[in-house]
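Next up: the structures, one after another.
Next come two complexes built around subunit A: one with subunit B, the other with subunit C.
The block that comes next holds the complex of A and B.
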């Protein structure tokens, strides 16, 4: 089921297995038959860890979605609530328990908090008078969920908001905990680098936790050579730009959640002969996206402009493979052909799906609106007219384009200009409030607090210096056969990934000046390894670096890091971890008050 | 910024920017090619055999995945349980607890008479559930062996809290001890523990002292603010921020409350009470506008609900105007209340003046509304301006190409479109728009003015033979030879 997790440089299946083991242990604690009541949000992340079959093996007979009122009848010994530690969920659980039918044989109640118990929640249950009803109250530490062979995410939606807006560092504590778990499984990481306030906190916590665990050193040969902790606010620009890789565009346009995407069904209708009048499906088509699918692994990180060619090449290969059947003459040959059929059919389905998705995306990327938007983004990123009111943004507001699109652009202009002139900022604010409603005052204030939108304090704009020194804009980005990470944004090289690249070679000492212009401290720490665990590196053996994005990472950044891993002479392979997979829209949304009211 | 397509192409080709476009022809053909291949393969193999490779339900969820199974196992139950559902007795024995922001406070609940025993201490709550089992830790720390030491220092206590072990905060009695405990919790960065300590401090310290100490502890303060928000202790929160001098934050937080008020009159009154809050000067103006807007909307809504003038009969209102943004309100006003005197609240002129709407925004909005009603006369007068000699001249703050776009969107007749097309300054833009909207006369006349015989001949190929356009071009071509020597 999860073979793709073990293909990579680091076998992330070990992490998944550890998580499964813990889940089994908890289930066995509640002896006898059981029903699970799910906080619906959790089913996605849990799906990446376990299938229903695993639960069934441990006597899980029924599963329900958590909702208020009475629990559905189920003849089981145990009821287990799988929930996030949220107060409103506690109220629902209390209601469930209090409305149990007293006439029936009593069922045992258990709670499994994911990813962490919360005293506040337990207190709430006590207030409701149901805390005593629980046989087991436990936590399931699901900090880092393996998403792919080289990708881990905590899927903590509000991490950025909590860290940078609400100054709540709990998610950093979870990050540190997750990294300790990782080190317990994959060995101590000898070198830690970091940039940013949050990075500093996480490193401090890790070192502190390590001291507390002293004496119980892991006797595992380290798998990771280096850990790089990066604050999202060191690079506020990258997520604002429209991602131009295949996977990035799928996420920008349709949104990928827990490795799944929902697509408009029309293009996926199976057209069979003689069934012309059949109704088109109305439910969205849901597809799983990960590297287990050969074709997807091949094209996901390509610039979208190179996807058409790749698909067509694949089509030829598959057609040729099917043609082989004419050449199969002997029984042996026919047998061989037949044995390959399932694989070929899977490849065909995969090709059909991605051809359809590519068509859907192409309709959008070739539209005038997409083009105009991208033009303005590129102007901002190259520093053109960032100090004036932009007429395109003004026009978009006048046309009542989605507010999130407007905010993304205005924030981008602000970031690229190191703050907007007061007059310009006031203009945008007034236009936005008048057109979208005064209550968005709250959102604008939030954006100012996290630094995405700000008045220019000094007239000195250091963005051009940063851009030039780090070569963030490449004139000759090659979309088809890339030679630099800038291909992921058709010209713009993501700052975060450039920092990662420069750390590996030639080292950050060469960019001290620029590092000082970016927010937060940069640092290096070393963790002592137990004697005998020092890795003896083979000649030409690559180093393995874990890059942790605190506050979120985009698919385009992931693509850029994968590109670096694959570069012949890079000498480093990257594993990526983050608090949340984001794109500009989901990110800005997390900073809004009342995003649900959005148009 | 609003360039015509041809313009854009030239811009891209001549500038250092790269446009993100497909190499159109080639790429489309590639996609087509792979699609064709896919389709041709499809016919080769019977689709029914798919089952061997793909175990996916239509929704795409792999069969056997958790979310799939939740639906499956639940639906088998629901089908039998549904009938009974309705007969379930309504439960009101359960004390309904306030959700966020309802105004109830945690402390008021604990102090409530129906509650026995007052605030539970953490040691109590822990001992009650001491039968719990905890998740196994990956590695047992040294600290484990100190479990039975009776006096726990702050460090030890925090560690125990983090591990979910029994602990007691009651032994931290002096202010100094309490603060040491708080600082220790903060340095562990575990929000869960910090909050637990803060709840203890909230209960055992006077407000003034707690506020004073929090003022020097930024992280603890943030957690406390978050906790109060979560518990809906709005009043205490406001008090806290005020005492810290974070008046702007306090004002915004107060203002945010209006979102929870559904009744428009109460919401208006609440916004009015916000006016005296210490916002930044800018925000203060915006909040004032917000209040004024809702006040006006309530008046307009009250009148228009019963209105039965022609315009309301012909175009019945689809929704109420309450809580709509000001630009939407202006559009509404331009639609239903155009031409009313500035004295009435519902008149466009009054709204424009009260909310200091820029000329550009006003023209755009009014144009949209009047064009929607096909009041071309009103549209016309929007752009008329008299010079000092009394001649009228067309003038627009938004560029006539946009006027044309908006008119076209509202399906204005060609005559109207042409009038505004002619006012577009940029010749190339004018021609490209005219081509887009099929305003032949404009194109022909522009070429005529440019004395561009070649283009005229080319364009003739694009119009229908024998049509008025065709004849016009022919006439021009013939005339021009004689008169202008074009």
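The block that comes next holds the complex of A and C.
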């Protein structure tokens, strides 16, 4: 099922297996039949670790979602709660248990905290008088979840908000712990680089944890050569820009959660064979997206303008393969053809799906609104008129376009101008409050706190300097056959990835000046390896770098890093880890004052 | 009493900065205006944004009141005209559009 995890340079299946083993051990601790009560948020991330079949093997018979009131009846011996350590969830559990006691058959209760158990939560259960009812209270450490062959994610939605807005560093602790787990499985990482406050914290914690565990050195040949920790607030600009890779656009338009995307069903309706379309599916079509799908792996990171060509090329190859049956003369040849059929069928379905998706996206990318939006973004990134009120934004507000779109653009202007003039900023704020309502004052306040929106203090704008030194804008980005990472945004090279690229060659010393302009310290640490474990590099063997984005990463940045890995002369392969996969919209949303509210 | 509670909360917020206090005062004025209108006309307006309030006023033909809000709150012309045009067009009130 998870073959795609082991394709890459680093076999992430080891991590997944370790996670599964632990889950099995816990499940076996509760003997007899069980029912799992899920904290709904966890089902997505868990799906990446274990399918229902694994749970079933361990006598899990029923699954419910956690909600207040009474538990649904189930004839099982154990009830297991899988929850995040949140106080409000504890109250629900307590309510569940208290209403349970009135019924007849006694059942055993267990609780599994993901990723850590918390004193506060246990205290709350005690106050509610139900702590004694549990046979097992345990924690299931799920920090880094293997997401794809070269991608790890903690799937923690609010990490950026917690770190930069609320000053809550719990998620940094989880990050450090997760990295320790990773080192236990893949060997100590000899070199650590970092940029930003949070990166510094994580590195400090890792080094301390290592000292505490001194003596229990892992005798594993290190798989990773370098770890690079990057704060999201070092590069606030990139997520704000609209991603222009195939996968990035799918995420921008439909949103990818836990590796799945939901698409409008209309386009896929006619493909249902047989029954003849008597009832149109009303449920959105759900598709899993990862590199296990050959075609998707090929096109996901391409600039969208190059996807069409790739799809039609693929279509020709597939139909040519089907044509071959006419040439098959001998029984042997026919047999060989038939044996390939399932594979070809799968390829054909996959091609059909992606053609439909590409059509859907094309409808949007060719629209005027999309083009106008992109033009303004590119103006900002190239530094055109960033110090004035932008008329396009003004018009969008007047037409009451979605608030998130407005915020994204205003923040982008602010970031590209190193803050907005007080007058301009006040104008935007007033417009937004008058149009969308006063309650958004708090959201604006949050954006200001994390630095996405700010008044200009000095008249010096250092963004142009950064842009020029790091070559963030490439005039002649080649979308079809890219030669630079800037193809992922059709011109703009993501700052974060540029930093990564420059670290590998020629090193950060050459850009010391620019690094100082970006927020937070930059540093380098070395971890001693036990003697005898120093890797002897073969001629032409690439280095492996783990890049950890604290506060989220976009699909386009991932695409850019994959592009770097594939470049012949880069000499480095990248594995990516993050707290959460984000795009501009989901990111800003996580910073809004009432994130649950529909806008 | 919702309003009272929210007033309190907003006053606290208002101390944070000058601009926010300006915004808060504006909001208070808007709420007062909305309450007055609600009592007079029986339209439900409380708690809406200025833009939404204007839109409703225009769509039910209270042009004088809308005009007053537009002046009181110094709404940029561009935004107000756009709003007025769409509101009137939606209503197919071509006479009023002609006048304007």
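A few remarks follow.
What we mean here is this: the second predicted complex is superposed on the first by the 587 of 599 C-alpha atoms of A that agree within 3 Å, B and C clash if a C-alpha of one lies under 4 Å from a C-alpha of the other, contacts with A are read in each partner's own complex, and residues count from 1 in each chain.
Here is the rule we go by: a residue touches a chain if its C-beta (ideal position, glycine included) is under 8 Å from a C-beta of that chain, and two chains touch if they have at least 3 such contacts.
These numbers were taken from a predicted model, which means no experiment stands behind them.
Model built by superposing both complexes on subunit A: subunit B and subunit C clash.
Of the two partner chains placed by the overlay, neither subunit B nor subunit C lies in contact with A:543.
By the document's definition of touching, both partners, subunit B and subunit C, reach A:426. Of the two partner chains placed by superposition, only subunit B is touched by A:117; subunit C is not. Of the two partners, subunit B and subunit C, it is B that touches more residues of subunit A.
Applying the stated contact rule after C-alpha superposition, one finds that A:437 touches each of subunit B and subunit C.
Residue contacts after overlaying the shared chain place A:445 against subunit B and subunit C alike.
Once the two complexes are laid over each other on the shared chain, residue contacts for A:77 go to neither subunit B nor subunit C. Of the two partner chains, subunit B is the only one touched by A:95; subunit C is not. Of the candidate stretches 204-212, 348-356 or 456-464 in subunit B, only 348-356 runs into subunit C once the two complexes are overlaid on chain A. Of the residues of subunit A, those at positions 395, 398, 400, 426, 429, 431, 433-438, 441-442, 445 touch subunit B in one of the two structures and subunit C in the other. Those residues of subunit C that touch subunit A in the shared complex are 10, 13, 16, 19-20, 23-24, 26-27, 30, 47-52, 73, 75-76, 78-79, 82-83. Subunit A contributes residues 394-395, 397-400, 426, 429-431, 433-438, 441-442, 445 to its touches with subunit C in the complex.
In the complex of the two chains, the subunit B residues touching subunit A come out as 1-2, 5, 8, 16-24, 26-28, 30-31, 33-38, 40-42, 44-45, 47, 49-50, 52-54, 58-62, 64-70, 73-74, 77-78, 81, 84-85, 88, 91, 93-95, 97, 99-100, 109-110, 120, 122, 125, 128-129, 131-136, 138-143, 159, 161, 164, 188-193, 195-196, 199, 218-219, 222-223, 225-227, 230, 252, 255-256, 258-259, 282-283, 286-287, 289-290, 293, 323-327, 355, 357, 360-361, 364, 402.
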